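Each of the next two complexes has subunit A plus one other chain: subunit B in the first, subunit C in the second.
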Partner chain A sequence: MRTSRRARAGQYAALLAYLVFLAFPFLWLVSTAFKPARELATLHPTWLPRDPTLDNFRQAFDEQPLLRAASNSLVAALGAAVIAVLIATPMAYVMARHRTRLAKAATGWVVVSQAFPFVLVIIPLFLVLKNLHLINSVAGLVMVYVVWALPFALWMLVGYVRAVPAEMEEAAAVDGAGKLRTLVSITAPLLAPGIVATALFAFITAWNEFFFALVLLKTPEKQTLPVVLTHFLGAEGVADLGPLAAAAFLATIPSLVVFALIQKRITGGMLAGAVKS
Partner chain B sequence: MRTRMSMRRGGGRGWLAGLIAGLVLVAGSGCSGDGGGSEDGRVTLRFQSLAWQKESVDVNKELVREWNATHPDVEVEYVQGSWDSVHDQLLTSFEGGEAPDIIHDASDDLADFAYGGYLADLRGLLSERLTSDIPGRSWETTTFGDGIYGVPFLQEPRVLIANATWLKESGVRIPTPEKPWSWDEFRRITDRLSTGEGKYGVAWPLKEPVSATLNLSLSTGGQLFHRGADGKVRIRFEEGDEVVPRTIHDQVNVDDSASGSTLGSGGSDTLPGFFGGKYAMVPLGFSYRQQIVQQAPKGFDWQVLPAPAGTDGLTQGVSPQTLSVAEDSPHKKEAAAFIDFLLRPRNMVRLALGDWMLPTGTQALRDPALRGEKDGWAVGAAVAGELRSAPAQSVRGYPEWKDKVATPAYQSYYSGAIGMGELRRRLVGDGNRVLARYQR
Partner chain C sequence: MTLVTARKRSAKPSPRAGGPGRPVDHGAWFLVLPALIPILVLSVGPLLYGIVLAFTDAQSGRTEPTQWIGTLNFQDLLHDTLFWESFRIGLVWAVGVTVPQFVLALGLALLLNEELRLRWLARALAIIPWAMPEVVVGIMWRLVYNPDAGILNETIRDLGLGDGRDWLSNLATALPAVIVVGIWAGMPQTTVALLAGLQNTPRELHEAAAMDGAGAWRRFRTVTWPALKPVALAITALNFIWNFNSFALVYVLTQGGPGGRTRLPMLFAYEEAFRYGQFGYAAAMGCVMVAVISVILAVHLVGRLRGGEDA
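This part shows the complex of A and B:
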């Protein structure tokens, strides 16, 4: 079935409109980051700054410890991503391959756990971490992020494991490979894109997380980037818009870089599972 | 191929192990053990400040440095908080027993914390100098029950920021604190300033319509909340409560002298229209002057005018910024001493200049730096004596009444969806039902 030219043009137009829709907030953020204060309050704002400046970046770095906060965020997000994946992968494998009642119950619990709002758990969590002397500690925050990311990571990975045909493992077993060898040489490579996608999810969730970091970290030295970004906000929604945009722009860069680096693996993995022989 | 893959995987595992080890080490080293207590007899206090503008943060940090330099036995650690999330963050910290020793907040946020026993009663902790320097009407904003749970130190009235050129060219009388506009006159003038074609005499940024309306209604004798002999608070919507809402409603819906599109906006959102010549005046908090100085186009001539006056003159409600001490702090005396230092007249002036607000202290308010004509300081200083505690900020149930009843009711009224009768019914009927639940 061939698509007509007109339909194809419509598809591209729709795709372009969607891309613009997705990119608009980011492009506006970048534009704002380079505008001087006077251009931020004009009645007819322009896409491109008329008088581009780096003052907002200078001010953002002068006023807030952005590098230290970014380093804290990086440690927390990387820690959460790595640990969540290390825990979730074997769990997901068991839940996907052995469909017992326990696995079903665990899946149900995972779904239910997603329904708990932050505010419901924050005070008990705070008290537990306090007893463990993990308040105001990046380690404590990593632990929270791992727990918070784990259900969804598990749910994602179960899907990826199920997409790996069990017949391939059986074939490896027939060829004499042991269970461990099968897992390492057959299943793990096929699962890699899924693991990367899950790690990316955990990383971005932790990188962007605000509320736990706000409550659990007390001293400025430990604060993460999302918490420090709020220091550009005043009462009643007033904001120091230029420096805020500059800092927020810088804060999005690591996510973009991580995604750019691994997107080939993700799409490659998705395509690999798309066609069945 | 096989060997290469194995090597790569082996290398990957090594890399992963190294990363995890590194993370554990870094995270472990990040474990705190500040304790906040005293070591070798030295006391460490945590001061959580909500200052956010550069000048204000700089002043706060400078003052902390000055304190630390002269008080080697009591070290103050500056912690940056955020207005955006302070309530939730403090509530959790209080519950967990990890609250900062000295807490910067606003008086309208203190009621829950004061009644909840999280804040120290400051009576007996503060010096006579500080207690007598701040007027009683300001202390009322932080008095809950019998106790005083914060030191009010900075406040801002709502003023009219006006396009001076527009006003001059229109020939209207320019109000002064001594001879302000009445609400009727204000309405007439905004009507005269409106020239049609999308140009309005005023733009009301009423994202938070309740506090704006209630605070301004004090000028017309509006109380809304009345405490009876039984100690219970009831809502009555009387003549004095009608003037401000009716003026705004009529400007938007009858005269077309106020823009309807800004009713849901915050103050900052109206500035592009103000600078662009769409609005002749914008009622804003006094501290917005800083944004105007930073953002106004070159050559834009603006001025600060007092808000309109009613039967009670220029009286306005305010919720000052406050400094409190956590009840759990083991060093309340030292914390109070730091507050006393921070609020010495000269320091209060520095804090006020940094935040573009007015100090509550009478000595600080006399400082010439806060009385100049430039940037409208003189107008603010002149109305400072008329500022009172915002209505109802100590009434239990007020936040629920505000969010569930009053905000939608005022928004509907200002947009013209309901009339004054329905507004009254909702504020009083629905409102008293909410308050009753808190006063059983």
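This part shows the complex of A and C:
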């Protein structure tokens, strides 16, 4: 394609502006996390800490039960990811291979479930879980996260199943393999990378989730990281900036690492979805 | 038993698996149930229960049984000026985030679709807001907006544009400041979706148009946009819904303050339900939110699809 030099320069300038806009808040968070308290108190903050320190991290762990919260988050996210994938894969398989009323209804639910405000779901959920004594328990939260992760998991997995040629399954069927056997021994291995990507995505969603955790978890020793992070914000918005930034930075690392692992697949999956529509 | 019947049916090689209208056999049911039961119990059920609650006087921690009160909640809601103010703020927020987000994301997607250097970096960075917990995004921007130690005011002071201000506590700037954060946070999904749509547009057509001497703008209007339109419609509709129902970002940034200037409907309903324990009333709010959003979206989508025919 012929693009004039001036247009190219303009494109690079625009790209640079985007890079700055996207990156600077995160850089500022990292910088704040390593600044000593007295630098944060001065009126003229600098981009780089003059005197980098780990004090904020130490103080963050002293002030709030971060390890406890991280382990709660880990249990909730792992539980949600594993269970969601285990139950979504067979259903996605049926949705991809059989165009039945059930599959249509499931697809409809995937779309409609995006539109409902959580508040309409959370009040009844709260009442139901309360009756089951699953309020203020990570197990109850896992159940909610599983269902909450299902729409996107189904959507991704249906795309991955469609990419596996149906002929291979037909061959297995001719050889007398049942539906479950076909799924376990033929389809699942081919789907494995897609299943892993879906599980990791469900992991991130659960790790990052705030609203359900805020409503369902009452005591500090049960709360997940995002909820505990908000405890750093004082009642009147007077926050201890250093530890706040340090804890927020730490809480982000797992999501960023996992996301980096699956970035290609997520964008690829969205591509597949878009191509279909 | 179920597996036996499944085997018999699928053993027939003639009808292609996945043919339209083929009835679900027992094996398929067996595969669907593990997901279907949780969906029914924890998603569809609560949703219906929530709609039912809207017609009751359900409250938290009350000993007397809940009673049917018909449409009383909705009548109260009609006169609840605080709720409608919050609803108005919700619409301003949802439109104020969705529209600039779309324009910015489209620009970025067009750039990323070009053969530029540093594209990999931009792609990686564009994803960061997506991976971050919303709570962290909120905290991060509070640090940026911080009146003394924040980088925004410092930049303003450096440029000699005054002393800056307390962006999030100022009545006039709180909502715009929060909207900027909303735009930032939702850029990745929108960009990725649009980029996917762009890579789907026919390249030959683009080149043919360039040969005919069509400028960049004409090529965009006649070749790119028609191909991109379905994706654009879908993502803006979804963004609008997601933004209208947004909670965590604003909860962390302002808690709905100052003076309710950023109190989105979700924050309002959350307080009503879990601070004041008015379950029935909050459920009614949820119903109204769904209803109004559905109407707005229906009008938007129908209008756009029609408009597409003359363009």
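We take it that the second predicted complex is superposed on the first by the 203 of 277 C-alpha atoms of A that agree within 3 Å, B and C clash if a C-alpha of one lies under 4 Å from a C-alpha of the other, contacts with A are read in each partner's own complex, and residues count from 1 in each chain.
Keep this in mind: a contact is a pair of C-beta atoms (placed from the backbone, for glycine too) under 8 Å apart; a residue touches a chain by one contact, two chains touch by 3 or more.
From a predicted model like this one, the values you see are computed outputs, not experimental measurements.
Novice: Regarding the shared-chain residue A:H44, is it in contact with subunit B (first), subunit C (second), both, or neither?
Specialist: both
Novice: Looking at A:F26, would you say it contacts subunit B, subunit C, both, or neither? Reply first, second, both or neither.
Specialist: second
Novice: Which partner does A:L225 reach: the first (subunit B), the second (subunit C), both, or neither?
Specialist: In the superposition, A:L225 touches subunit C alone.
Novice: Just checking: does A:E63 make contact with subunit B only, subunit C only, both, or neither of them? Give me first, second, both or neither.
Specialist: First partner only.
Novice: Of subunit B and subunit C, which one touches more of subunit A's residues?
Specialist: Touching more of subunit A: C.
Novice: Please indicate which partner A:V121 is in contact with in the superposed arrangement: first for subunit B, second for subunit C, both, or neither.
Specialist: The second partner, subunit C, only.
Novice: Looking at A:W207, would you say it contacts subunit B, subunit C, both, or neither? Reply first, second, both or neither.
Specialist: It touches subunit C, and subunit B stays clear.
Novice: Answer with first, second, both or neither: which of subunit B and subunit C does A:A139 touch in the superposed model?
Specialist: First partner only, subunit B.
Novice: Looking at subunit A, which of its residues have contacts with both subunit B and subunit C?
Specialist: Looking at subunit A, the two contact sets intersect at 40-45, 86, 119, 122-123, 127, 210-211, 214-215, 230, 232-233, 237, 239, 241.
Novice: Which residues of subunit C touch subunit A once you look at their complex with the stated criterion?
Specialist: Of all residues in subunit C, those touching subunit A are 3, 6-7, 10-11, 13, 16-25, 27-28, 30-32, 34-36, 38-39, 42-47, 49-51, 53, 58, 104, 107-108, 111, 114-116, 118-119, 121-122, 124-137, 139-144, 146, 148-151, 154, 157, 168-169, 184, 187, 192-193, 195-197, 199-200, 207, 210, 216, 230-231, 234, 238, 241-242, 244-245, 247-248, 251-252, 255, 265-266, 269-270, 273-274, 279, 282-283, 285-287, 289-290, 293-294, 297.
Novice: Write out the stretch or stretches of subunit B touching subunit A in their complex.
Specialist: 9, 16, 19-20, 23-24, 26-28, 30-34, 46, 50, 52-54, 57, 77-80, 82-85, 88-89, 92-93, 95-98, 100, 106, 207-208, 266-268, 271-273, 275-278, 285, 288, 291, 294-298
Novice: Would you tell me which residues of subunit A are touching subunit B in their complex?
Specialist: It comes out as residues 37-38, 40-45, 59, 62-64, 72, 75-76, 78-79, 82-83, 86, 119, 122-123, 126-127, 130, 133-140, 142, 184, 210-211, 214-215, 218-220, 222-223, 227-228, 230-241.
Novice: With touch defined as at the start, can you tell me which subunit A residues reach subunit C in the complex?
Specialist: Against subunit C, the touching part of subunit A is residues 1-3, 7, 11-12, 14-15, 18-19, 21-26, 28-29, 32, 40-45, 47, 86-88, 90-91, 93-94, 96-100, 102, 106, 109, 113-125, 127-128, 143-144, 146-147, 150, 154, 166, 169-170, 173-174, 176-180, 182-183, 204, 207-211, 214-215, 225-226, 229-230, 232-233, 237, 239, 241, 244-245, 248-249, 251-252, 255-256, 258-260, 263, 266-267, 270-271, 273-275, 277.
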